[in-house]
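One chain, chain A, appears in both complexes that follow, with chain B as partner in the first and chain C in the second.
Now for the complex of A and B:
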């Protein structure tokens, strides 16, 4: 009855009324039709390619890299058995670890000030934090080369100031990648932490102070524990993105400091051994999903 | 343990807007003071300045024998109860209550003893391991009270502590808070917008409006002898008539001649305050004031009538719920005992 009332209440020309009348008894169709376009895009652009990649990792290849119709675990055996690939994986994990520590610590400090300090310039600070996201990674990586090169701005300044007498090598080093990667991920981490910190009720901190806690102890006993879910989420996102880092790895690491993502690209785009590349990306995917699942589990235990 | 709190010329501005101004107040030890006023009157800001959570723009705060104006909140040794209780959600009841003691680095066995004591005081023994979200509103309120009291502070500050509870529980908690405060003999300041609550539990009521104190006094003082028109209207319901004293025991307000107890100072501006309960309805002709019944609101024990007087001004009268009910539209006389009704002298014409 309600449907018919709705249909007859609709103003408009005859075709519009006929469409409304048709949909009235089939209301369940509306959400389905609304979701369909984005679901289709996700399916085509995301689910199907990932599924193909995942499947491909289990197909055998002949020496030229041609895919054979036989299932095998040989690519995974090769990956974990070959000390070179394993070394690159461990290095990537190490870099991702240090990037996460550096970015989350720095991001926490910035987010804390953005969340708790009253300032009229707060919106400007927010724009400054978010702005780097708008610049492409390739452009940024090139920028880092200018900044961190042997005769780059940082080394030039430090040499002129007499802090160092020989340039510090940044390019083609692990710490160079860590610094560059952190700068890429910092805005994302700040936004995640800011979301959590700004939702912490200030009266908790005031209560702690009224009970005798100074600024540091109020932070340690109240603000930090209450923000831990956000810290964990930021860590997972940061680690996952750092593990898959490509542009910084190519432009700062180059051939000398190989990371896992360029290695995958090399297998697929240069050597044309698609199944092996697929197997490698599956390993990265598994590690990332493992991290997310672990975080999920810890949070659920905490909430209990 | 319980300290005197003195506020001298206290003033607070937020971005140039004055929130609190010219506050002079001495809170005597062991008494409960209620800061009463409408929202935005500066009562919470005043409390937050005493707690050290806001820095005064000018003026001084003395707690005990020391100037505490610039002492940080954690060194003021005051117990604070927030409107939303602010119980730490990541700690259980015992850990919440023990927080202040841990900050003071007391030995663990002393902490255990004191937490047990204070939880018994607020009747929450056995709730030690519960999380705040597993407690009812009233229980959370009592944990907040226990947490504020366990450090044996010099004074207890309560910011609208009962406003989040439903009516029946609020009355019960009100009695409990008062009882505990009396038993400990602790100085207490309670912020509230509920005049009934202030009158019910406070030793002194401090009525505030627009950042300033309008009146300080016992509940009877502010209700029976309001110092300003604002107090008369905010604390309880009042029929207020402004006019000039005639000198022969009347107040002349426009065309009305109202009997008052004051028979001197002819010509002085004054206002008469008649509480609805002090007035009565009589058959027409039984009194000097007549009017037409507009209607009434049934309130259980009594009916609150609105009568439109001859000059058009309304008069509110409380009539016990018994006997006959004057019908709307009927003409009645309104009487009151002038001896019970306060006359505010020297009232400005626009007040």
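Now for the complex of A and C:
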């Protein structure tokens, strides 16, 4: 393939030669032009909008939600001072924590299997991991809502097996959200962990085993330490995504067990109090950035 | 007795581990299976299936709001994936082949949407687009999708360019090709499988996105996830499960085509 491509390339084209000749004395322009499209998109549709959103969180509103030209910290005071909002934030952080623990542990098991077990079906397994991402969160969160009802499949099965005699409540509970959200976020965590585990040189593990370490010892002292950077990255991504849980929170938690992202949506899309919604978004953003920074810091210290 | 002993040895070996892995796969796939069961249940109540019928699929095809949403979703996701592919690839190429100031900063900004809840991007874009009349338009929605899919393109294409040997480019240049010819006739064909898989991922992520779309869609630009969500928010309807199954078919078709074009290994380099 490379040979054929080279052969066709050397034949030459008049117009491209002219373009190249024009750029020859202006070489610095080439990377600038290549970067320009993405720079324009990111500036206009990402950096500036997020900055404006952050700014809007400091503008006062009248009771109807109209933005007033006065600066204020009132939205943040309301958010952190009002026990209801603060409670929702703390609950969201708690749910995100448990989701992260559950998802990273389960994800590690699957990623370990995919990285180190030989099977003819490995490509099929990979597709099974990725397919749920592609099917989308709305469908999967909805599927869990159906599974978790009082007369849903999970309770029906457990009752029939004699494990429980009364249905366990899953809908409108925190543990219901944790279970469903963990299933929803699992594929992304598996892919992150797989990326790290598949880069570990299997000869290290073989060396440990041939030196007398059992399977568990080899895992505990060789594989796990080598994969820790990936585990940290998976934790950070999983935590921020779980903190922003939206579909699962609405379908499983409903109005009774609210989380922060549906609350933001309500302020922006229903109540139209944009500055307050922006202020809440800013708090989520700050927590996410804090998580990324913490991860970077830990990685750098480990590297030293 | 030997069978029990063999079973015990298998469990002590890696049998128990394999059962655990299978259970986690079930945990992953359960909600998808359930969506299928609801979709083929002939009864309109959401419950255990009592038979097999395709009436909800027919209902979807009759309902103009679902068809319009499919058209909107396919159009916006496709345009956004292509736009993100072009801008992301040019950047990934520039950052591998040229040294320029701010390279690392740019890469950090371009991939940062990955590490933050999507809802923030939706809120920020709505606030920004509303005064200029872009909220609720196709343009606004496509721009939103470009922002959230660009990180995947930059990462995937960057990874492909990293392993691609620059000596082949140098050979083309030495043999008399200019840089533009080298890019289009040597580099591009070599990295094409990576580009295709990146574009497919971008398309699929944009197609399934709710958290950005829910802020940016208007009455004329409703997408499939937004319509599904708004129907489900006010209690379920089996047609939504049928829509979910149709989405699964679309995704399966995309995966099969991608597998043909680039192979599963390339497709999964997320």
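Note that in this section the second predicted complex is superposed on the first by the 286 of 304 C-alpha atoms of A that agree within 3 Å, B and C clash if a C-alpha of one lies under 4 Å from a C-alpha of the other, contacts with A are read in each partner's own complex, and residues count from 1 in each chain.
Operating definition for what follows: a residue touches a chain if its C-beta (ideal position, glycine included) is under 8 Å from a C-beta of that chain, and two chains touch if they have at least 3 such contacts.
Every value quoted in this text rests on a predicted model; they were computed, and no experiment measured them.
Chemist: Mind checking chain B and chain C on superposed chain A, clash or fit?
Modeler: With chain A as the common anchor, chain B and chain C both fit in the superposed model.
Chemist: Would you sort A:277 into first (chain B), second (chain C), both or neither based on which partner it touches?
Modeler: Touch partner of A:277: chain C, not chain B.
Chemist: Quick one: name whichever of chain B and chain C touches more residues of chain A.
Modeler: Answer, by number of touched residues of chain A: C.
Chemist: After the fit on chain A, how big is the angle at chain A between chain B and chain C, using C-alpha centres and going to the nearest 10 degrees?
Modeler: In the superposed arrangement it comes to 80 degrees.
Chemist: Of the two partner chains, chain B (first) and chain C (second), which one does A:83 touch, if any: first, second, both, or neither?
Modeler: Neither partner.
Chemist: On the A-aligned overlay, A:64 touches which partner chain: chain B = first, chain C = second, or both, or neither?
Modeler: In the superposed model, A:64 contacts neither chain B nor chain C.
Chemist: Scan A:207 for contacts with chain B and chain C and give back first, second, both or neither.
Modeler: Only chain B is touched by A:207; chain C is not.
Chemist: Identify the partner contact of A:222: answer first if only chain B is touched, second if only chain C is, both if each is, neither if none is.
Modeler: First partner only, chain B.
Chemist: Pick out the closest CA atoms of chain B and chain C after fitting on chain A and give their distance in Å.
Modeler: In this superposition, no C-alpha atom of chain B lies closer than 13 Å to one of chain C.
Chemist: Going by the contact rule at the top, pick out the chain C residues touching chain A in the complex.
Modeler: Listed in rising order, the residues are 14, 17-18, 20-21, 24-25, 27-35, 38, 46-48, 83, 86-88, 90-91, 93-95, 98, 100, 106, 109-110, 112-121, 123-129, 143-144, 146-147, 150, 154, 168, 171-172, 175-182, 185-186, 189-190, 204, 207-208, 210-211, 214-215, 225, 228-229, 232-233, 236, 240-241, 244, 247-248, 251-252, 254-255, 264-265, 267-268, 270.
Chemist: Provide the residue numbers of chain A that touch chain B in the complex, in ascending order.
Modeler: 201, 203-204, 206-214, 217-218, 221-222, 225-226
Chemist: Inside the complex, what are the residues of chain A that reach chain C?
Modeler: Where chain A meets chain C, its residues are 1-2, 5-6, 8-10, 12-13, 16-17, 19-20, 30-32, 34-35, 37-39, 41-42, 45-50, 52-53, 56, 106, 109-110, 113, 117, 123, 125-147, 151, 153, 156, 180, 183, 186-187, 191, 195, 236-237, 240-241, 243-244, 246-247, 250-251, 261, 264-265, 268-269, 274, 277-278, 281, 284-285, 288-289, 291-292.
Chemist: Flag every residue of chain B that touches chain A in the complex, lowest number first.
Modeler: Checking each residue of chain B against chain A gives 51-53, 72-80, 82, 84, 86, 88-90, 99-100, 103-104, 147-148, 151.
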